[in-house]
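For clarity, chains are labelled A, B, C and D in written order, and residue numbers in each chain start from 1.
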């Protein structure tokens, strides 16, 4: 299997600074079949527009006016609006977005793990507004032991999405009606989508315990 | 007969609370004929009436999102076919377009049109499979064979185009891998020419059938308000009366070039969802007919390098998959591998509405409601 | 020994027939299953069983062997004795109902003066097999299936009874044989005199058989296999045998009371005498087809089997042809031709059962109960009254019978239409979605 | 008259014996296997069932059973009436109309009280 080498060392993502992960050293973790094909980087990508750009429009101003410091940043990335908000006030902001800004549907709720950061998780909430036909992304940094407010009271859709988020990242949402694992068995150890989750060790342990055989990995 | 909304049985000396049946807990699934795979539903029954339900999922969880973090952008593309395995082409389209958006690559028009045709054929195939299994759940044994007969034609086109029938991996990031084969247009045209009549055939079996209507009307009603709150998308949302389709809201591929209608229902019940999907098949046919007449010439692959290194950043892109909004949220850290791929599976989120839809109905309606949501467990569990 | 022989002597022919029924019935049931699969395949645009024997003709035998040799599982928590005996009840009850069934004027085990009552009573016992089997399995699905089955059968029993009464009013007898003779005398099948009764009998009969679209006790998409969920191997096959035998019974009653039993179409019209030759010609054609297809089979053994079936058909042709040549008053002629017509009508019923099964979706349980209690029972009640009134008008006031019957039918249909309209004004599904209970 | 039933009794014995005997014979013919473990569990989609299946059933089943007793007995009364109808004539019609009328009143009462509904709140 050509892609074996990458899957064997999953948690060695180099990351130097916060927020903006730079390009990884090229040669270190290349899959075997592409040895040095990295040098001629496509020229068209030489000077891409430096995403993300700061975003400033009417809506962002309204948010800023209403929530002040809780709106940490407003960005535009590939023509998509992103609001970076304070996790503690997420529910308030969400309620405001739903009621005043007409973002009536919660499209998606997920997280991204940045283990090197002070607050390692980015909670990502994708919203959609039917009347405005617009999308908005809320992002909030959440520490490993933080308990961000649950959005389930705001959108019923958040229920399972937050359960999945808890299952995969271990983020505990405060005020969630039924925070249990959803995809993995209840007795599962660890949260797989964290960057430091060791797949092989988990797999061997689970297989040994539950099936009574040695894992073939 | 005097009409009273609720009827009570009053037998002297009989207290129905004392005489009530024990609450029965029944497991439907994971190995059950009509839970469409490995869905497990725990039903709390009073007699045959459902007073509560819980979906237990994850039996097919493969960690697709984790796998993505250890594959390059191109390597991951075939994996998405395994999510909604009855609509692999749509999955692939969503993923490719998301990465293209991340790379800011322009896809040539020819590729866009071919993509549109194949995706719409896939929508028809997916709806056909849904229709067959849904009808089978409700006890109509015959439509599924007719549906498979037509679906077979579509799969044959897929097979000729890219060598696979189910998990096709039909598209490449930036456009298409293969030029369409000789006779592609004829094959598609032949299929489409006949297909309208075939839909009439299914409708003749079901649409006005009294039993079918009784089994589906008023069953699993989802109001527009509930549907939006639950994040439900796709035909389920449209049947509740919300006219929203990503093909119109955020046109992707070549959908902005074609005329088509978005069918909507009014009651949000199982019958409306049935009608919406039937009409969607006709509209898909219409799109294909327009597209196949005029496939632009030109290259089929945009300017993408062999090595894809999107600039750091993130993108969310979604398409109207047969089941609903299929979204990909991809975070790039500037390397050849995605830092995080989040897949917004329509089935997963639509399935959440199951409990709302099923309460107060009978056991027999449970299968009708599972069928009407049109879930694929490969996508729910990922 | 001699005393026993002497005792049995008057019953020799019936006893022979009894042995034949017991011996042949499982085979017949197996071939009905094959027929059903073929009909299903035809409706569903495919071929059906084609592998075992030419055109799958040996499939029932292969299935039977497999089921007989299959592992026999009795669940640990099941009530063993009841679990053991339940399918036997089902089969025995259904078979016993055949004992008063006239397969033609000769082939009848016993012509009871309360024949119809006996058949209805005995065949109703089959429900015990289903309920006991479902209960003893100690499985939720089986229990729900059994309860549904019980409620369904008893609900439709009433409608079936009423529909039969409307026919009985015309026949004036409970003896199965005399019913057919009454229809011969009056020169018309009762289905044409009481069409509503016949229709209700057909619908309620299907419901009583737990056949689609009323197959809720074993609705596979909901209850997996209903009351038979825990049954496997031969016990499961016994339930199947019981079910298919019951199908023959219900078809047999319908044939006898409504479709003229063993009478050929237009038995009293000499111009239609050529119909007597039809059976032989039909089987001759079948023979020809078998012999025509035999050499085209791919494997020698299949050729042989096809040929064998050809020979079988030829034998039947010979029997039917021989019967036709006999004088009109010969017992053998009436017996053989009668058996043909009776079975042909039974198969007409069976075919319609299959046809319905592959065309209609399944009713939901409350809808099924509503159809029974809110529609069929009142309509059949009115129908009985209508037929009764028509007969009195005919006999006492001298009206032509058909006028009264048409009047009665029109009134019944009006009531039926009114009931449908009342039903449609009501909400189709009572429960409100999303409500907390 | 009873001699009519002799073949039926013999047939009943045959019909009951046939499946039972087959069942017993093939018990010795088929390859012996002893089911163990989960095979002996009642089927519940691969999940160990919760609770005993033989709980208390819904009261509706009992109502249907009672209704059946009432109505089916009436139908049985109709059988001899139908057979003797030719003899009874108008007298039979009137009496039966009265009988069925009473039954119909009961039916209407049941209908309106909702006892014939399978679902009621």
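FYI, a residue touches a chain if its C-beta (ideal position, glycine included) is under 8 Å from a C-beta of that chain, and two chains touch if they have at least 3 such contacts.
Remember, it's a predicted structure, so these values are computed and weren't measured experimentally.
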Connected chain clusters in the absence of subunit B: A | C, D
Touch-network distance, subunit A to subunit C, counted in steps: 2
Chain whose Cα mean lies nearest the overall Cα mean: B
Pair of chains joined by more contacts [C-beta pairs], B-C or C-D: C-D
Distance-maximising chain from subunit D - centres being C-alpha averages: A
Interchain centroid distance [CA atoms averaged], subunit C/subunit D, Å: 17
Chain centre separation in whole Å, for subunit D relative to subunit B (CA means): 44
Chain centre separation (subunit A, subunit D; CA means) in Å: 61
In subunit A, residues with contacts to at least two other chains: none
Where subunit B touches two or more other chains at once, by residue number: 1, 24, 26, 32, 46, 48-49, 226, 362
Overlap residues in subunit C, where contacts from two or more other chains coincide: 140-141, 224, 365-366, 431
Residues of subunit A touching subunit B in the complex: 3, 6-7, 10, 13, 15, 20-24, 30-31, 34, 37-38, 41-42, 44-45, 48, 51-52, 77-78, 80, 82, 104-108, 110, 112-113, 124, 126, 130, 133, 135, 137, 155-157, 159-161, 164, 168, 181-185, 192-193, 195, 197, 199
Residues of subunit B that touch subunit A when the two form their complex: 57-58, 61, 63, 65-66, 69-72, 75, 101-102, 104, 226, 228-232, 242, 244, 249-250, 303-307, 309, 311-316, 318, 325, 327, 329, 331, 333-337, 339-340, 342, 344, 348-349, 352, 381-382
Partner subunit B, residues of subunit C touching it in the complex: 40, 43-46, 140-141, 144, 212-213, 215-216, 219-224, 357-367, 422, 425-429, 431-437
Subunit D-facing residues of subunit C, complex: 7-8, 10-11, 14-15, 18-19, 21-22, 68-78, 87-88, 91-92, 95-96, 99-100, 109-113, 116-117, 135, 137-143, 147, 150-151, 154-155, 157-158, 161-162, 164-165, 168-169, 172-174, 224, 229-230, 234-235, 238, 241, 365-366, 369-370, 373-374, 377-378, 381, 384-385, 388-389, 391-392, 395-396, 430-431
Contacting residues of subunit D [partner subunit C, same complex]: 1, 3-8, 10-12, 14-16, 18-20, 22-23, 26-27, 29-31, 33, 35, 39-45, 49, 52-54, 57, 60-61, 64-65, 67-68, 71-72, 75-76, 78-79, 82-83, 85-86, 89-90, 92-93, 96-97, 100, 103-104, 107, 111, 116-121
